[in-house]
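Both complexes shown next keep chain A, but they swap its partner, so chain B is in the first and chain C is in the second.
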Partner chain A sequence: MTAERAPLGDDLIAELSGLLGDRLSLSAAVREQHGRDESYHHPQPPDAVAFVESTDEVVAVVKACAARRVPVIPFGTGTSLEGHVAAVRGGVCIDVTRMDKVLAVNAEDLDVVVQPGVTRKALNEHLRDTGLFFPVDPGANASLGGMVATRASGTNAVRYGTMADVVLSLEVVVADGRVIRTARRARKSAAGYDLTHLFVGSEGTLGVVTEITLKVFGIPEAILAAVVSFPDLDGAVNAVIETIQLGVPIARIELLDEVQMDACNRYSGLDYPVQPTLFLEFHGSEAGVKEQVATVEALCEGHGGGHFQWSTRPEDRTKLWQARHDAAYAAMGLQPGTKPMATDVCVPISRLAECILETKKDIVASGLIAPIVGHVGDGNFHLVLLVDPDDPDDIARAHALNDRMVMRALAMEGTCTGEHGVGLGKMDFLTAEHGEALGLMRAIKRALDPDDIMNPGKIVRV
Partner chain B sequence: MTAERAPLGDDLIAELSGLLGDRLSLSAAVREQHGRDESYHHPQPPDAVAFVESTDEVVAVVKACAARRVPVIPFGTGTSLEGHVAAVRGGVCIDVTRMDKVLAVNAEDLDVVVQPGVTRKALNEHLRDTGLFFPVDPGANASLGGMVATRASGTNAVRYGTMADVVLSLEVVVADGRVIRTARRARKSAAGYDLTHLFVGSEGTLGVVTEITLKVFGIPEAILAAVVSFPDLDGAVNAVIETIQLGVPIARIELLDEVQMDACNRYSGLDYPVQPTLFLEFHGSEAGVKEQVATVEALCEGHGGGHFQWSTRPEDRTKLWQARHDAAYAAMGLQPGTKPMATDVCVPISRLAECILETKKDIVASGLIAPIVGHVGDGNFHLVLLVDPDDPDDIARAHALNDRMVMRALAMEGTCTGEHGVGLGKMDFLTAEHGEALGLMRAIKRALDPDDIMNPGKIVRV
Partner chain C sequence: MDSTRFNPGNAEQVLAVLQWAAGEGATLELVGGGAKRAWGRPVQAEYTLDLAGLSGINLYEPAELVMTLKPGTPMAEVQATLAAQRQRLAFDPPDLGPLLGVDAGGGTIGGAVLTNLAGPGRPRQGAARDHLLGFKGVSGRGEAFKSGGRVVKNVTGFDLSKLMAGSFGTLAALTELSLRVLPIPEKTRTVLLFGAPAADGARAMAAALGSPHDVDAAAFLPAGVAARSAVDYVSGAGESVTALRVEGPGPSVAARCAALRGLLASFGAVEELHTARSETLWRELRDVAPFTGGDGEFADRRQVWRLSTAPSAGPALGQELAEDFDGEWYADWGGGLVWLAIPPRDDAAHHPVRAALAEAGGGHATLMRADAPVRAAVPVFQPQAPALAALGQRVKAGFDPKGILNPGRMDT
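After this line comes the complex of A and B, so read on.
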């Protein structure tokens, strides 16, 4: 706890305890756990953690906090990567993990309604016998509420979109405790300002998401996954670029550089060549998948790609993609004791090869270990910079590398974060990225949260 | 001009004339033309029309108006359908039709940058030799700025999305004259609040769009269009529902009821059966299109659909879709002298058949002529209610029918407008649709346009 802020008043603790009983925790261990995510950012624990079980309870907690101008920080699985959950001004953390019900599966409309604590894997488990699936898949088994908050993405985004594309509607408790619904369940609407997209990616700074209506998709008739290695990074990236430019409806096209492949081989017990590699997946009809494969095989061959190693059985595919999802954990294993500074940028695909190759040069020059991995079909890639959070030199070198990568991406008409979000780690880049538009973001924040109590100190400073 | 507001001051006219010369018009005919759209809403002319040619000129006009709290109303082709351009408090209309340049075609990134006065057809004409096309196609040859403003949609939305899905970034002149850019050209970003989607569909009430970055798509290898008639509306709608639920990636699936088919036959010189009819288009590889056709033919047959009449030559397809796009004009021809009250709703597709059939009963009971036509793959359909704007009884019956249709759609978790927007015509339904969320929209409007000068009196009352 910092000196600048007062701890919670006894009256607030009494009110919240009266409401939640032992679901209000003041224990140091629980608070510590809720002040950290999976990143290198230093933990900043909240003053209390409220384990809520309903929208009504969220309303009560927010109203109690709002009356006293005490910060409110929503919390799901704590798997964000930019310090999103750090309680920089203390306050009450609202842990939504017990709000974990799938409320409706509208199979005929290809949508579902869930509470925010449902994780992406739990949703797919729930959908198992319906012939439907939910595609958005960040590495972690994140909560869907958290994925809404960070505008999460993943390996399927190139075909199925990000959270910005699959959220149909949200129920949100806003800063004064009102409960609003951002849209109806219709597939499209022109009825007023688009509040749904405003809340997706707002990182808890405008309200607490308490219910989510999501698009789901039919499991395709045919699914084929493959791995293909390249002699150089250039070839791998250019094969991706041509695949996208040709409009192949590929479901997944993921790049892992040789450093990352080495890490994945060790962590996940694989034996792929330690070379720049693409993980691919094709969805469609039997005939459609064959067509896509023929096109992409030819493009990869043209860039020096080796033969495709196929995973046709579902269990092999699961193993392959679990290895991809575990890439960040695998990276950490390369240098035990370090924490990952996981950073991501996204550029127009015509600039992707140049951006990745220049970044690779910077990594070599820095002396840091920093695997490259990316959802390159979207122009999006990550570095996992391995740093000792207590070593200022490590942190300084990593920040310098990150700064150069971000500024390079911005110069290429790209963005400082494709999917991880702003949190604490990317705030200082928003002026360079948005210019005058940052003033509008600030005006919106002030309008919807005049006392700055909703996850304060993130995205914009007010 | 109404009595409640003062006309423009001489100083403002002098300032704008100094800036624009004879591109500032005060003529009654020009003002009249700029106060009307294609709907039944009574024209409400602005006090002056500024024919701008650059972002800088838009800035100068907005600043001049803002300094005097004079309303600013952006204007493209004037083809909106809910009174969006009516100058309800007078002011200066900013006509952007001379800002009609395609600024960049980034073929490798599948995007283009255009000025707001470029029409959808002009853009496709410009793209003719690139192998690319822009899919969003409201009936009119609207300006892209206007299509951003109304969150327009059209026949291809079921496959390629609406304006909400294809706008990557906007340059906007906001209420105080600042120029902002809502996003970079990257395909995705998690860098702060989603201003792009906030401006798409904001109907000029938050700013004047001066530049648009849009996704474009590769022209598919194979395109096939077909027309199929059904003995009843029920069968046609259920064939659509099953097509969508099966996940067929159909590019267009449009419903026209027998009244609309009669109108189209007459207006466009066609001779299709006067029955409920689907207009279909399939995009993909040769093999992919064949698969889609086989699936959809079987579904249609199962609901009593007749044989498919194919349009394989590009010129036949153009004729077919021009007829569809002219549906509203065709409808007007059914009762010369009337104006169309074109209204639209959108519901979850599982409720679409019920919603359309109940609406059809209401039409019969009303005695009005009102063809049904719709982008039914999205759950979206329109009535074109033919009314004499000067006959209060006509207007009253049409409003009653519209009210019932909207409230029915809302009861089915649908929206009061799928694509036409709010304008003047749907404002009174927003409370029923959005409840408390309307308060947030109002707060956003106040924050970004504190003096209420940007197209005032639309979407929300402040």
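After this line comes the complex of A and C, so read on.
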């Protein structure tokens, strides 16, 4: 794609500076920081960064840019992994991190209203004394706006769902600067198309999310976490599959292979066996949890799973899950100087063991270091391919490995990305996966953003 | 043979019809079983595209927890096939046939998804939309396409499955769909709370749904509605009934019910229903049985509204409107769904109903049952804010630029 980049006009800069004062930044360092994410993708900085503080300011920035057909790139915490925030055609980055207020907590309706810059951890901090919590937890402490935009999920999806399941309603500034509200606090939108979910996962290509109503949950009466290791990957994966097939309402069931366990032990100062391992968590009433545990223990035992190491104290649980969340950073520690290329296939649960074991052979053949971690209860797993972004051979081998894995997943009626999204990195796979549907996605993009100014060059080429 | 009716038997024939219609700008009414034709605005189309011929289950491996099937497959067949493997559709689609004036058991899976149905388990299990993993279809452009697949997580671009569910056939003709299915829980029980006024019922439902006892459905029946239940404990109550459903393996269900009874004791007397009675009660509530009674000239012909609002606001809203219009009401989804039946009026009381809804904090009011002339004159669906409606029209134009599919069906 030819990246046409005209410098920002002085009149636009003057208009935005007049509006935002020193909250409009043209500094190279700030721009650089806003053109990169946490992955191997090369940074592509925007021409300016607008640190907005209200929906009105977002409207003003979008209108000013729309009038001149200048690209607008929404930005949360920049933790996405596929070049989502790269300003491929320059333009103005709208950084929403200062829109960081929790606007309402409706405990009896189990919902909250937040601004997009609130991070998932900040929301849970805010909810601490209410008996409620918000479950979706990608490895990074991402912004909720960014999580809406990438339709993120985390370790809790088996029981609580993904962002698609917890977003009730949105306020969005669309490409022409109009503000729309997709639903009120009603649980169900029976009026018109489901536009809420059209924006969930749209990666900033259809509008800027400025307010979010989210479902929250009562903190369970009992929470038990455990770690259990297996002699082989096969056993671990099959224990997961059977747990899901039985409909056990387990909260978390995460796989880490022996390479990842080694990395976690070193990074987080732990001493778990260096074997394929499941991290588990059970939520519910005392009775419910007891029963889930008995079922899952029996299943794991049937597949050679060793004894469960329990963490009942909250601080031990936090440590356990922090180690899981830090898995990507731990992996990077295996080969300092590298960046992660995170793969993200998802397959039907019955094909999971086959898909992971075949992939494991490919890793060996590739000669790359690539630990496996996975939200395996959803059929979703990642390789953290460690690559030197400046070494074309590394990148080529990693792409080849990923290509094979994606094609395998598609042949199993799976997908190339279960949670990280498309960004720049997965656009080519969309053709293989969707074919004709891309035409419709393009039609939607054109209909909602005729001048292609909202995060252009992502998801679909217009 | 009716020359204005197409009866394709496979996806290729659907594609051929839609290619022709898109070329000619010929308008089509899409029907599956036809069970829900009386829902929504009456469609004015030149031709009928009957998709009942696309029927059958393509792929069902119980171990995979996914079923791929054609849209015209009768709901009864889907449910029987799943039940034989002790599985079910987690969104528990209502059978709205009797409410809409046709026989029970006439629905198809495509109809359930296109109208985004959801049963009482919605607070926990979601609606059809949340279980549609992928589909194949033909757009109003006359182009075949597919979206999603057979996996539970997929973030490949715009979520076309979510758009398709609840689109009432105005974006594309479905030719195949993949749905997530779940094991049937071993036991179902319902804890009943007797005699709570509506406001207490709302509080009891909120407390139960927010509790750690995994309550998966919560409903409130005023005394008059409770009295017509087929479940003896409910009809015999002589006062209001608040019902809370708990599902799962036997021992934990028993323990959770006991804990719930403790939680609710301060609200009033409690009782417990076991599996068979539970199933009867929730089926009644799901299928709007309280407002479909009677036969022939004695059939319930009241107009029926479905109000969707914040759960804490629902019961008070239902009570107020029932008093104002000499009607009846009950609430499901923890209070977030209110069914309201009122004596027929030319305007179906749509202004005051929607004003009260707005007053209660907003939501959606859908006129579910009324004669066709009323449905043609009154906004059946909740009118949308202009900016939102404009966006919806642009989405429609992306799929169906000539407006050939179900013209008018979703108009507000």
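One rule holds in what follows: the second predicted complex is superposed on the first by the 458 of 462 C-alpha atoms of A that agree within 3 Å, B and C clash if a C-alpha of one lies under 4 Å from a C-alpha of the other, contacts with A are read in each partner's own complex, and residues count from 1 in each chain.
Methods note: a residue touches a chain if its C-beta (ideal position, glycine included) is under 8 Å from a C-beta of that chain, and two chains touch if they have at least 3 such contacts.
From a predicted model like this one, the values you see are computed outputs, not experimental measurements.
With both structures placed on the common chain, the touch criterion links A:Val200 to chain B and to chain C.
By the touch criterion defined above, A:Ser350 reaches both chain B and chain C. In the overlay built on the shared chain, the residue A:Gly304 is in contact with neither chain B nor chain C.
Touch criterion met: A:Leu440 reaches chain B and chain C at once.
In the overlay built on the shared chain, the residue A:Gly421 is in contact with chain B and with chain C. When both complexes are aligned on chain A by C-alpha atoms, chain A residues 106-111, 150-151, 153, 157, 162, 164-165, 174, 178-195, 197-198, 200-202, 206, 218, 220, 241, 244-247, 284-285, 287-288, 291, 346-350, 378-380, 413-422, 426, 429-430, 433-441, 443-448, 459-460 touch chain B in the first and chain C in the second. Put simply, chain A touches chain C in their complex at residues 106-111, 131-132, 150-151, 153, 157, 161-162, 164-165, 174, 178-195, 197-198, 200-202, 206, 218-222, 241, 244-247, 249, 283-288, 290-291, 346-351, 375, 378-380, 413-422, 426, 429-430, 433-441, 443-448, 459-460. Against chain A, in their complex, chain B makes its touches with residues 106-111, 150-153, 157, 162, 164-165, 174, 178-198, 200-202, 206, 217-218, 220, 241, 244-247, 284-285, 287-288, 291, 346-350, 378-380, 409-410, 413-422, 426, 429-430, 433-441, 443-448, 459-460.
On chain C, the positions that touch chain A within their shared complex are 61, 63-66, 116, 118, 122-123, 126-127, 129-130, 139, 141, 143-160, 162-163, 165-167, 171, 182-183, 185, 202-203, 206, 209-214, 248-249, 251-252, 255-256, 259, 306, 308-312, 333, 336-337, 361-364, 366, 381-385, 387-389, 391-392, 394-399, 410, 412.
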